[in-house]
Every structure is written in C-alpha cells, then in structure tokens.
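In what follows, chain A forms one complex with chain B and a second complex with chain C.
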Partner chain A sequence: MKKLSMNDVPKFLSSVGAAMDLFVPVRMTGATNWGVWDKEREVDLQTLKSVKSPKDVFFPQCQTMYTVSKGEDGFSIDPMKLTDQPFCVFGIRSCDVRALTVMDQVFLADPVDTFYKARREQAILVSLACHRPAQTCFCSVFGIDAAQCDGADVAMWMIGEELFLEGQTEKGNEFLGQFSELLSDTDDTASVEEEKESIRSITKKLPYSSLSLEGWGAGKTDEKFDDPNWQQLSDACLACGTCTFVCPTCQCYDIKDYDTGHGIQRYRCWDSCMYSDFTLMAAANNRTTQMQRYRQRFMHKLVYFPTNNNGMYMCVGCGRCVDRCPQALNIVKVIKTMDKGREEEKA
Partner chain B sequence: MQELINRAKELLADGTVARVLGWKKGDFVYNPEPHIFTSAEELEKDFVYDGFCGANLSKYMIRASKMEGKTLVFLKPCDTFSFNQLIKEHQVVREQAYIIGVGCKGKLDHRKFQEMGLGDIESITGINLMDECDVAKVTTIYGDKKEVPFADVMLERCHFCKTKDHQIFDEKMLGSKETTDTEGDRFDEVRRIQAMSPEERFAYFRSELSKCIRCNACRNVCPACNCLHCVFDNTNYDTAQKANADSFEENMFHIIRAYHVAGRCTDCGECSRVCPQSIPLHLLNRKFILDMDELYGEFQAGSDTETPGPLTAFTMEDPEAGAGLERSRG
Partner chain C sequence: MSEDCLCKNPSYRQDVLIPQVGVIRKITQETPDVRSFIVTAPGGGRLFDQMPGQCAMICAPGIGEAMFSITSSPTETDYHEFSIKECGVLTSYLHGLKEGDQILVRGPYGNHFPVDDIYKGKDLLFIAGGIGLAPLRSVINYCLAKREDYGKIDILYGSRSKADLVKLEEIREVWEKAPDTKVWLTIDREDPEWDGHVGFVPSYLTEAGFSTDKTAIICGPPIMIKFCLQNLEQLGFSRDQVYTTLELRMKCGIGKCGRCNIGSKYVCKDGPVFRCDEIDQLPDEY
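Let's turn to the complex of A and B:
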C-alpha cells in the first residue's frame, strides 16, 4: 500500500496531469463537477458528490461523431478520432464506478459503441472511499461497497491528512509505479481497515439502507405499468431533465446535425425521457403525457433494464436525484410508494 | 400548520373546493414536494408547511384551472405576484382558485446547510410558522448539533423580499415576518456586475453559465415561461436543442429566456432556487428589471392584474429607440 500526504496532492496531480489527461472533481463558483485537471483549477476531493456524475468523461453530454464537409471533389466524411491514450479519473466514487458497469451493458453490447469502448479501455480509475456518506445515499441497496471500490484500478482512502492508495489491477499497479516519486510505502493497513469499518457501519445506518426492491426487477412490467400511483407521483414533475442529467446511469441520447454553413457536424447529445420530443418519430410520439414520460424513466431503471440485463438495476443509489430534483421527486419516493401500495393490498 | 390543515379540510368538506394544492412531507425535512390533496385523511397525514416549502405553487394553477371545480391553493406573499401575472396573461382562471394567502418568515436553502456541513439533517426545530424563525436548531445524522441563524440559511430571494403583503387572496392565514436585509437592496449585485470591465463581466458570466447542463429546470419552473411549446423544444426549427453544442449556446439560452420574460418576471427567484448547478440566474432578470425601472419608471410585474407591462404599453414618454445604446455608451 502507498501513502500520499494531502500537502503533496497538488504536486502529484501536476505530474500525472503532465503525463496524461487527468479528470478530477473541480470546484467552480459553488458547484463541483468533473473536468480536466489544470493547475489553475480548484481540485475538490472533499465534496462527496459532484453535481453531474463523471459519466460524461466516458459518454460526453455533447460529442461530435463525424463531420461532413464539401470540397472541390465532392463531400468528405471524417470520423472523430477515438481516444487512444491512457487517461486517469482521480477520485471517482464506488457508485459511479458501478454506474460504468451498468452503461457497459448498453454500450459494449453488440453493436459496440466504439467511442465509449475506447474511453473505457484507456481509463485508469482511481477511486475514493466515501468518508462520510450522505443521508441521501443508498448504494448498499444495490450491493455497492462505499468503503472499497472493487471496480477501480486503484482504491484510495482519505484519512486525516493522508491519502492511502492500493493497486487493485495490473493497470493500477503500473500507474502507482509510474508516479511513485511522491508516494511512500506504508504497512499501516490498520488505519485503512478502521476507515472501511467506519464507512460500512455508517452505510448500514443510513435511512435509505433498508429500502426494499421487492416487487421490482425483471419481468414486473405487467404488475407495475398500470399502477394507479404513477399519476400522483408524477403530478408535480416539471418535465425538466435534471434527474436524467445528474444521473450516472441514464444513457439515452439523441443524434443531431449541426449545419456549419459548408458542411455538417453530426453529434450526439444526452437526451431525457422527461422531454416532449423524446423518441419522437415521424408518426408522432408514443408518449403524450408527463405521467407516461415519468413512468418510462422509472420503469426503465427498475423493470425494463433488469429484464434485459440479468436482473441488474439501472440505479446505483448515488442519491443525486434525491438531492437535485427541483420539486423533490425521486426514485426513492417511487420505490417506496409502490411498495406501500403492495403492502396495503396484502393487508 | 394544523390550522391550515383544518381549514383545508373544512373547505373540502363543504364543497367549496374540489382539491387542495399544497406541500407534501418528504422523506427528509428538506424535501417536501408540491402535491394535490383530495381527502381529509391525506391532508392530515402528509400536509406540511414550514421553512423548506419554498416552491411557488402558482404555475401549477395553470393546469389546475382546467380541472373541474375550484382548487384551494396556498400562496406565499411572493407567489401571489406570479398568480396575478398569470391572470394578466390569461393562463389561470381566477374563479377556479380559492387562494389562502399563507404567511412567510423566509424560506430555507438546503444547499446552504450542505455548505456548512449540516446537509444531512436528522432533525431541525425553529422553522415552523409558529416559531420565531430566528434560529434553526439542527441535528445531523452524524450527531452534529448546531444553532444556525435563520438568515444564514435563507434563500437569496428572501434577503430581498418584495413584501410580506399578499397581492391577491380569498383569505389570509398565519403571520409573516420581515426578512429583508437592513442594508443594500436587490440590485446591489447587478450594480456590482455592471461596474465590472467588459472582460471581467464576460469572465464572470462564463464561470457561472459554463456550468449549465441545459436541464431546463429554470425554464420549466418559471411562471412566466408558460408557452405551450418552447422554441427550444420545437423540432421544426434549428433552435431546438438538448445540449449546449458550444459555449455560445450556453450563454444564448439564458439571455434569450431573460429577454422573453422581461416585463413579466416578478423576480420570484424560482430559477435560482431550482438550478442544480447553483447558477444565480435571477441576476439576468434583475438586470432587465433595473433597466426597465430606469427607462420606463418603476414597475413590479404581478402587483395587479391589469396594468400593462412596460414593454407591452406605449406612452409618449417612452424613451426613444436609441436610448439603450446611449446608456450603454455611458
């Protein structure tokens, strides 16, 4: 195991940032989001949850796929270059790493999304354990361990004034070897074990940790689709895209053309099932009310996705929607309300 | 709070109203949601009205106006400006609403608790309308206990409250308390930005607007944004956009929106309350309000239901077309 003093973190990040693209949580005017490291930017490893998840490191909110331009000999089509250099994602949380596994089901299944695949392959994930999980967190419901991220190349803990780093994959060990200058060896595994224990005991006590997913999951379409609760659950929904855009697992996108005047930029951008033109077809739209759109979002996460992916839910319990919905609607309220309905029926 | 529930139950029971638009308790004290109640039991069980009920319910009345029977709606003083403005724009039907003007002692901003490390609120006292609302006593799930001055955790808008008088109501309940800061006014921040050099000002707006994720929460919560189909959603035009393709679009979306609501914006502050990225969007609107006040005389949208707005009325005293340009040359 390696150790890095918090005072040396800026120097460490400088040397990583000089060698490769480095994504870090950046604090800017009161909000923390993921961005490319730069010595002018304020790296924020203290904030538990970035507003947007690090999803757009792998699947950018807006991404040009290819350009078409008119030349003397007709048109030429230039696909965008795929990421072909290793890059580092520093300080990612367990829930957000699991979210990548969720997105893998979609983007790495046939037909493979080459943009996403290239980024997934080149990424070095350095996770950061959640010293103080929030009241709105419920990752444990999905079997995620906030204390140690098993999907990361390097697992990291912030204990007092020090970072403890442990390589978990070959790629991770290579990374630690490459930037070993500021790292020192440590056999103080006791502090790390204590930290893990503390995180796990907090996680158990969080108010949402007992959330039951019984009744949801693969094959529950018929049971849930016509549930009368959808209407009142969605009544206050503003139809904004906040929940979908801060969500680490929402992966719907739209493809559009941007007319540059002498060519076309074909790009894709995140879409939101909350929007009126989501899945709009030439013949009109199959969802015409906000209740239907709202239902789509949660049915996708809690029923359709598990049905198609061996029971895997399309939620990792990061709680960002709980935190950010303008009118305080969220997936937990949906899960609980329908659960109540079921209990009342039984009684 | 119980008297609000009792009154709502009475009005439901005697058939005056068919439903009640209010706030429903959330899992946590800081996440109550706007909700339509239809039974006494539901009101008794879930209705809440306290410092965290910041949501302006006026816009929901556009939909409720179309329902059969009257809707009882609880409006805070600032929300009544929005309701009046919606009447003026023929978006709500006055007769379909039974308005209880409910008192306000300032509304809380959960993000301010988070910034103080007090976001994980297990319990909190001192934030009900019966309380003084001077100090909030917070206990977090981590056992931290703290007494926080109400003013330190209040929404920005409450520091510059227009008035605690309801502009429209059928009856009033519960008292209010002045929350306006003793120093400065709501245009101070606008003046500070106006005084910047163009480069500084550009940098300021870039640092704020570049956080925008185009979720449209500001637009969708805004009572003045009541177009049936927003130009930014209309796929028949190139204006439809789901993401900011570049930094130019980030800026333009908000500036265009601010122009469109100018003269109709009541400065309710919902845009800034709901922004997931904490962008102070209300500043754009306030800049327009300040400009209009200076060019056309002071005007408050929503203070009544008849007076035409400064941009929709013509008078011989109106400044000439070049006045704005001259002003900008200072």
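Let's turn to the complex of A and C:
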C-alpha cells in the first residue's frame, strides 16, 4: 500500500496531468463537477458528490461522431478519432464506478459503441472511499460498498492528512509505479481497515439503507405497469429532466446536426425520456402524458433493464436525484410509495 | 480529451453509427405523397446485405435522420429501394431530391421476417394498408423469387383511393401473374376509375374469409392492424400465426439511445417484426 500526503496532492496531480489527460472533481462557481485538471483549477476531493456524475468522461454530454462536408464529388464523411491514449479519472466514488458497469451493458453490448469502448479501455480509475456517506445515499441497497471500490484500478482512502492508495489491477499498479515519486510505502493497513469499518457503520444507519426492492426486478412488468400510484406520483413532475442529467446511469441520447458553415457536424448528446418530444414522430407520439414518461423512466431502471441484464438494476443509489429533483419525485419516493401500496394490499 | 478529425484514415475502425454515402439512382412517384427511391453505393451495387423486413437509417445532413424499411427484396442485389411517404421535415426534404443526389445510409437494422425457416412451406397471407406495403413488399418479392419454397400466397392490399395504391403496376404485372398467388385489392371509397372492391381492409379480410391454415403478415396504420387482428381472430386465427411490425421513434437503430423502448424490448433491435403473441407480452401502452 502507498501513502500520499495531502500537501503533496497538487504536485502529484501536476505530474499525472503533465503525462496524460486527468479528470478530477473541480470546484467552480460554488459547485463541484468533473473537469480536466489544470493547475489553475481548484481540485475538490472533499465534496462527496459531484452535481453531475463523471459519466460525462465516458459518455460526453455532447460528442461529435463525424463531420460531413460536401465537395464536387458529393459528400465526404470524416469520422472522429477514437480515444487512444491512457487517461486518469481521479477520485471517482464506488457508486459512479458501478454506474460504468451498468452503462457497459448498453454500450458494450453487440453492436459495440466504439466511442465509449475506447474511453473505457483507456481509463485508469482511481477511486476515493466515501469518508462520510450522505443522508441521501443508498448504494448499499444495490450491493455497492462505499468503503471499498472493487471496480477501480486503484482504491484510495482519505484519512486525516493522508491519502492511502492500493493498486487493484495491473493497470493500477503500473500507474502507481509511474508516479511513485511522491508516494511512500506504508504497512498501516489498520488505519484503512478502521476507515472502512467507520464508513460501513455509517452506511448501515443511513435512512434509505433499508429500502426494499421486493416486487421490482426482472419480469415484473405486469405487476408494476398498471399500478395506480404512477398518476399521483407523477402529477407534480415538471418534466425538467434534471433527474436524467444528474443520473450516472441514464444513457438515452439524441443525434443531431450542427452546421459549422464548412460542413455538418453530426453529434450525439444526452437526452431525457422526461421530455415530451422524446418519442415524437411525424405521424404521432406514443407517450402523450407526463405520467407515461415518468413511468417509463422508473420501469426502465427497475424492471426492463433488470429483465435484460440478469437482474442488474439501472440505479446505483447515488442519491443525486434525491438531492436535485425540485419536486422531490425521486426514485426513493417511487420505491417507498409502491412498497407501501403493496403492504396495504397484503394487509 | 480531443477527438480529432481523422480524415479518411484507412486504419479507422468504423463505428456502427457512421453512415455510408448512397446515391439516388431513380425516383418514382408512386402516389400523390409517396415516392420510391432506388439507392446504390457511389460505385454501384448495394451498400450492405439485408433480410426482408430489415430497415436502414437515411440521413440528409443538416436536415435529419430517420428509420425506413427497405422495400426491395434481398434477392435484388444491385440496389436498395425505399418507398417514402411525405409527412415530416426529413421526408419532405427527401421528396425534393433529384436522381443523382446523395444521401447517407446506415444499416441494416432490426430483425427480419422468418422467411428462411418458419415461413418455409407455409401458405402466406399478406395484409397491407397504404404505405404499410413497403416493408411487406420485400418479403413478398423474396417469396416470389423463391416461389417453390412457399405454399399458396394471398396478398390483400388496400389504400384510401386508387391513386394511393403503391406499386400498382408491379402488383398487376408481376404479383397477379405469379404462380399460385392471388391479389385482393380494395380502396376505401367509390372511385369512377376503379372497378375493383371498395371497402376497408379489415372488412374485406372478413368477406374473403381466409382459411386458418395460413400464416398472416400485417403491416399498415395502427388502427387497421388493430381491426385486422380482431377479424383474423374471428376467422379463427391464433395470435402466434400472425406477424406484424411496430414503429416507434428511433435515433441510434442499435438499442442504445432508449427511444423505441417498449417493455423490455427495443423496436429497432428486437423488432420491427413481432409475432402477435410476443406483442401481447408487452405493456398495452408505452
């Protein structure tokens, strides 16, 4: 195991950032979001949750796929180059790493999305354990451990004035070897174990940790689709789409054109099933009410996705929608309301 | 992280979302609002191989991109044909294009009609309404090209008026003259130019009273499909004898953008062809 003094973090990031693209949580205008490291930017490893998840790094909010220009011989198509250099994502949380596994089921399924695949392959994930999980966190419901991120190349813990780093993959060990200058060896695994225990005991006591997913999952379409609660739950939905944008697993996208004046850039961008034009066709729209759109989002996450992916839910319990929905119509409310309905039915 | 433009680099591994250039070779005005476009690769020939019922994304750069069924049969190896009804921004633009103009095409997408296994040796009943003939035409011509592989073929096709019947010349010159093949045409309202059957497709279906040893394949407006299914059931057809296609908004065509999701299915990838008892497993609405 390696150790890095918090005082040396800026220097450490400088050397990583000089060698490769480095993505870090950046504090800017009062909010923390993921961005490319720059010595002028304020790296924020203290804030538990970035407003938007780091899915942007792998599945950019806006991404040009190819450019079409029209010459004398007609159209010529210039695809964008795929990411072919290693880059580092420093300080990613367990829930957001699991979210990548969720997105893998979509983007790496045949036919593979090569843009996403290239980024996944080149990424070096350095996770940061959640020193103090928030009241809105419920990752443990999905079997995610905030104290130990298995899916990361390097697992990291912030304990007092020090970062503890442990390589978990070949790629991770190579990374620690490449930037070993400021790292020192440590055998103080007791401190790390103590930190893990502390995180796990906080997690256990969180208000949403006891959330029950009974009644959801693969094959539950008939049970849930016509539940009368959808109407009342969705009544106050503003269709703002905030939930889908802050969600680390929402991956619906649109494909659009941008006319540069010299050609057409065809790009894809995040979209939201909460929007009324999401399914609009020239002939008709198959979802005409906000109830249908609202229901679609949760049925997709809690029933359809598990049906197609061996029971894996399309939610990681990061709680961002709980934090951000202006009407408090988040996934926790859906699960709790339906669960209550089920209990009442039983009684 | 930059994703620099890699102009025409041959080592580029192409993503499925990147289209190919297609050239419009021939345009036929089928009806007042339907035109058929014959498309080939710039050097001639097809852009890709497909199966009957599969679709392709057609893009007019700067205007939009949408999914269209490939109406030509896979046995037609020199080109792809698309019959497109003018009804929105992209289709209006496509209707303004001329022979020799280019479009972008990617595909083929979706599943296909089970022509090489389940349909083999069966009597087939095709039921189409309006532009719904487009996807069925690829199957019909495929079956006619391999005529000995299939039993008796019935084709029931209707449209608003005589002028709205797509591919009428081919129907009269090829389909009606094909061996062991019967064509049943109908139009919605009386027309002095028309001496054939008048009435809606679902009621003509009941009148014709087809025997239930056939496999039925329906495509048309949702309301027509709904009533045809009811009438087929009254005739004694079971749901697993009937195939149809679904249509929802699509962007990617490969089951990733999320738009055409219904239940646990994606119409672009798991469809567009569904057996009716499979549709019964999906939610009633979207």
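The rule is short, and it goes like this: the second predicted complex is superposed on the first by the 344 of 347 C-alpha atoms of A that agree within 3 Å, B and C clash if a C-alpha of one lies under 4 Å from a C-alpha of the other, contacts with A are read in each partner's own complex, and residues count from 1 in each chain.
Note that a contact is a pair of C-beta atoms (placed from the backbone, for glycine too) under 8 Å apart; a residue touches a chain by one contact, two chains touch by 3 or more.
Since the model is a prediction, treat every value here as computed from it, not as a measurement.
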Just to be sure I read the superposition right, which of the two partners does A:300 touch: chain B = first, chain C = second, or both, or neither? second
In the overlaid three-chain picture, which partner chain does A:245 touch, first (chain B) or second (chain C), both, or neither? first
Just checking: does A:271 make contact with chain B only, chain C only, both, or neither of them? Give me first, second, both or neither. both
Who does A:80 touch here: chain B (first), chain C (second), both, or neither? second
Looking at the overlay, does A:114 come into contact with chain B only (first), chain C only (second), both, or neither? second
Does chain B (first) or chain C (second) touch A:327, or do both, or does neither? first
First (chain B), second (chain C), both or neither touched by A:259: both
Return the residues of chain A at which the contacts from chain B and from chain C coincide. 254, 259, 271, 280
What residues of chain C sit close enough to touch chain A in their complex? 1, 3-9, 12-21, 23, 42, 59, 61-65, 87-91, 102, 104, 247-249, 251-252, 254-259, 261, 263-264, 282-283, 285-286
Contacts from chain A onto chain B in the complex sit at residues 28-31, 33, 51-52, 61-62, 132, 134-136, 205-208, 232, 235-236, 238-242, 244-246, 254, 256, 258-259, 267, 269-272, 275-277, 280, 322, 324, 326-330, 332-333, 336
Complex interface listing, chain A residues touching chain C: 21, 36, 63-68, 70, 74-83, 87, 106-107, 109, 111-115, 119, 221, 225, 251-255, 257, 259, 264, 266, 268, 271, 273, 278-283, 286-287, 292, 296, 300, 303-304, 307-308
Flag every residue of chain B that touches chain A in the complex, lowest number first. 26-28, 31-36, 55, 60, 119-122, 141-142, 207-208, 210-211, 213-217, 219-221, 229, 233, 235, 238, 240, 242-245, 273-274, 276-279
